[in-house]
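What follows is a pair of complexes built around chain A, which joins chain B in one and chain C in the other.
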Partner chain A sequence: MKFEETLVQDVLVLRVHEGRIVADVVPRFKESLIAYAKSGKSSIVLDLSDVTFIDSSGLGALIGSLKAIGSGGELVLCSARDGVMSMFKLTRMDKVFQIYANPESAAAALSTRNGADREKPHSGDR
Partner chain B sequence: MKILLVDDDPVARSFHSMLLHMQGHEVVEAADGELAWRLVEEGHITFVVSDWMMPNLAGVDLCRRIRASDFGGYVYVILCTSKGAKSDLVEGMDAGADDFLVKPISPEEFRVKVRAGERVLSLQQGLREKNRELANINNQLHSAHKLVEDDLKAAAWMQQRLLPLPAQEAAGVRCAWRLRPFGYIAGDIFNLFPLDENTVGFYLLDVSGHGVPAAMMSVTLSMVLTPDATHGSPLKRFDNTSGESQVLSPDGAVRELNRRFQSKDDRYFTMIYGVLEIRSSKLRLAQAGHPSPILVRRGGEPILVGNGGMPVGLWPEIEFDCLDFVVAPGDRLLLYSDGVTECVSKGGETFGEARLLAFLREHPSPSLDELLDGLLAKITSWAGTSEFTDDVSLLALDFTGEKTS
Partner chain C sequence: MKNLILEIDSNLGDVSLAAVAAHAICLHAGLDQYHASLAELSIVEALTNSIQHAYQGKSGHRVILVISVSDEDISFDLYDSGTPMSSEQIEKLVQGHGIVEPEYSDNTVIPENGRGLEIIHRTMDKVAYQRESEQNHLMLTLRRAPA
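Moving on to the complex of A and B:
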């Protein structure tokens, strides 16, 4: 699972270099995400520009990563394509993850929060 | 090594035979090609040194015959010619000769070329043994695989037994279904059953992931999702003192399921759960992250219903929505898994909800079975294969308006 790393305003932006986040790549995907979070960069933007499809295992891995990162960090998403976005909406993941239009707005939102108290993202309670 | 020496010239033959004996080989002699061929045919000849020009059968033709036959192992052939022309060499090699000796034959050259032939034969022998080993291992793998496959087939049969009977009916609703597992067993499952004398429940769920773990979860869920309250069904609230049970609303039932099935390993499931009240024809649906069902009012346009919802098993305290309808006789509801809408054509395009709606619009079929068979045929032709890449589930309901079954 390849990620392209960039730092935007001290926020780590990981662009997923994989078109499909599906069962066979999921273990490495989750491992890598958690490794990044543990390595000290506690604010992570996952850039989904190249992702055309996320299957049920992929969604499970995203959620599992979010839970594993917990209150010690932030994981937000950006640049979700239409198909992926509609899957997020169907499963109400747009209430669980903050999803931004592009890496810049995601990084901007995270960097203003850096240093301030961080709450665990609300898990879809309505 | 036993070597067949073929030469019609007795002087040359006895000289070369002596050279071979000096190298420790056993020599079988033949004075003409046909005799040599008969000796080769009888078997156990793996090395031939043959003169080219001979009565009855020339050396090059002997070589051709040898190459055209199968003696079980390789036969090394050295041709001897007094001509030494390049064209001879080519013709000889083309005929399948392994090497050449030009007369008069130098003893040293003879020795090293025979030794080279021995090396080739020993390599070939080694290869044959390795192949025998491989064939053996292959057979073992094949048997092991067959065992696993047999187990999966048995599991698939068990899972099929859990599905509704083909002509399952409950008061107020008729149903038809199709299940095409990806692999032998499915992570999808569905059912329909009376909950009490006035309500019918039905569901279609899809466990995340694939294979045996997902299928085991789906089977577990199908056992849990039972109308029988004495087994602690999450679909009913059971009052211990009065002994009465009350059917839970779909959102209440799914909330209870969610409480019980919190995942430890990122596994979750999506679900549509519906409850039909027969007398009032009220239909309530809960949508837990599952693709929107399609409601087709009698004589009306197919529409997607639902605004989404969280899947089951991810976080403990989740509220689910409930959709409310009143159904009339002839109204239909189609539940399906994402194996249908995510079905990809050879060109990489997904089937999608729009095509599904279009199909239903264009096929207001009289029977549920025709509808489902037609839809399966449609996605099969869309995919270009009947081997789908995900479980495909379809549950179609026809609201009959009958108050008793």
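Moving on to the complex of A and C:
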């Protein structure tokens, strides 16, 4: 599956070029996202502005990608349309995923957190 | 009562054809965009379930969706000739099972699958399932007017 890659404030933003994230495209969608996660891109913004519909298998792929990134990174979402947001709210996954209004606000949030993490002293530092 | 009969192959790539048609009919019948989208979601989940579970993901089988519009309801009747639903699946569909209820503090334990039947349960006003003459018959009903 194709994603449009951009860097916003040094954060990778992936714009999904697929209107419907449903069972027939989910294997490719998940495989591509996990490949990004495993390539060392630990902080990813997924831009859903072109996505008009997502089903439970699409949601499962996002959850799988979140797990693949693990605690060392972050996967956040942005630009979800009303219909897609309804799905997140219906399944309460809006409590699991951070969903921002646009790529800029998502990247700013990740950039700030990453910066804060870098400034944290190591446990052995005094 | 007005009826539309749609038939697709048991191919996941064909699910959207029927689901988009169901969405358009819901709008035509007076549902707002939000409820028409939820109906479309339920139809996608039901058709996907039929293909993946009744037919084990194999194409070449018939899946039929009958959409009926009355003054009170929009009903969706799905038929396939695959493996019957288990009693556990039927219970999840009709009673719900709360998989979407918990709030997870640990992302690693969030299930990736198993939400389809719960979504159907939550979005439809009435859900029923029958095994009839070697066919699975799923009956989903939405009220047209608010209760």
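We adopt the following convention: the second predicted complex is superposed on the first by the 114 of 126 C-alpha atoms of A that agree within 3 Å, B and C clash if a C-alpha of one lies under 4 Å from a C-alpha of the other, contacts with A are read in each partner's own complex, and residues count from 1 in each chain.
Heads up, the rule we're going with is that contacts are C-beta pairs under 8 Å (C-beta built on N, C-alpha and C of every residue); 3 or more make two chains touch, one makes a residue touch a chain.
All figures in this text were calculated on a predicted structure; none of them were measured in a lab.
Peer 1: With the two structures overlaid on chain A, would chain B and chain C clash, or do they fit side by side?
Peer 2: clash
Peer 1: Once the shared chain is lined up, is A:82 touching chain B (first), chain C (second), both, or neither of them?
Peer 2: Touch status of A:82: second partner only.
Peer 1: Once chain A of both complexes is superposed, is A:8 in touch with chain B (first), chain C (second), both, or neither?
Peer 2: A:8 contacts neither chain B nor chain C.
Peer 1: Quick check for you: in the superposed arrangement, does A:59 touch first (chain B), second (chain C), both or neither?
Peer 2: Touch status of A:59: both partners.
Peer 1: Which holds for A:20: it touches chain B only (first), chain C only (second), both, or neither?
Peer 2: second
Peer 1: Report for A:34: first if it touches chain B alone, second if chain C alone, otherwise both or neither.
Peer 2: neither
Peer 1: Using the superposition on chain A described above, determine whether A:108 touches chain B (first), chain C (second), both, or neither.
Peer 2: neither
Peer 1: With both complexes overlaid on chain A, does A:91 touch chain B (first), chain C (second), both or neither?
Peer 2: both
Peer 1: Hey, what residues of chain A end up touching chain B and chain C alike?
Peer 2: Residues 23, 53, 55-57, 59-61, 63-64, 83, 90-92, 96 of chain A touch both chain B and chain C.
Peer 1: Mind pulling up the chain B residues that touch chain A in the complex?
Peer 2: Within the complex, chain B contacts chain A at residues 206-210, 263, 266-268, 270, 289-292, 308-311, 314-315, 317-319, 342, 350, 390.
Peer 1: For a test of understanding, state which residues of chain A touch chain B in their complex under the given definition.
Peer 2: Contacts found on chain A: 23, 30, 53, 55-57, 59-61, 63-64, 83, 89-92, 96, 123-126.
Peer 1: Considering only the defined contacts, which chain A positions touch chain C in the complex?
Peer 2: 20, 22-24, 53, 55-57, 59-61, 63-64, 66-67, 82-83, 86-87, 90-92, 95-96
Peer 1: Chain A touches which residues of chain C in the complex?
Peer 2: It comes out as residues 11-13, 15-16, 33-34, 37-38, 40-41, 44-45, 48, 51-52, 100-104, 107-108, 110-113, 115-116, 119, 122-123.
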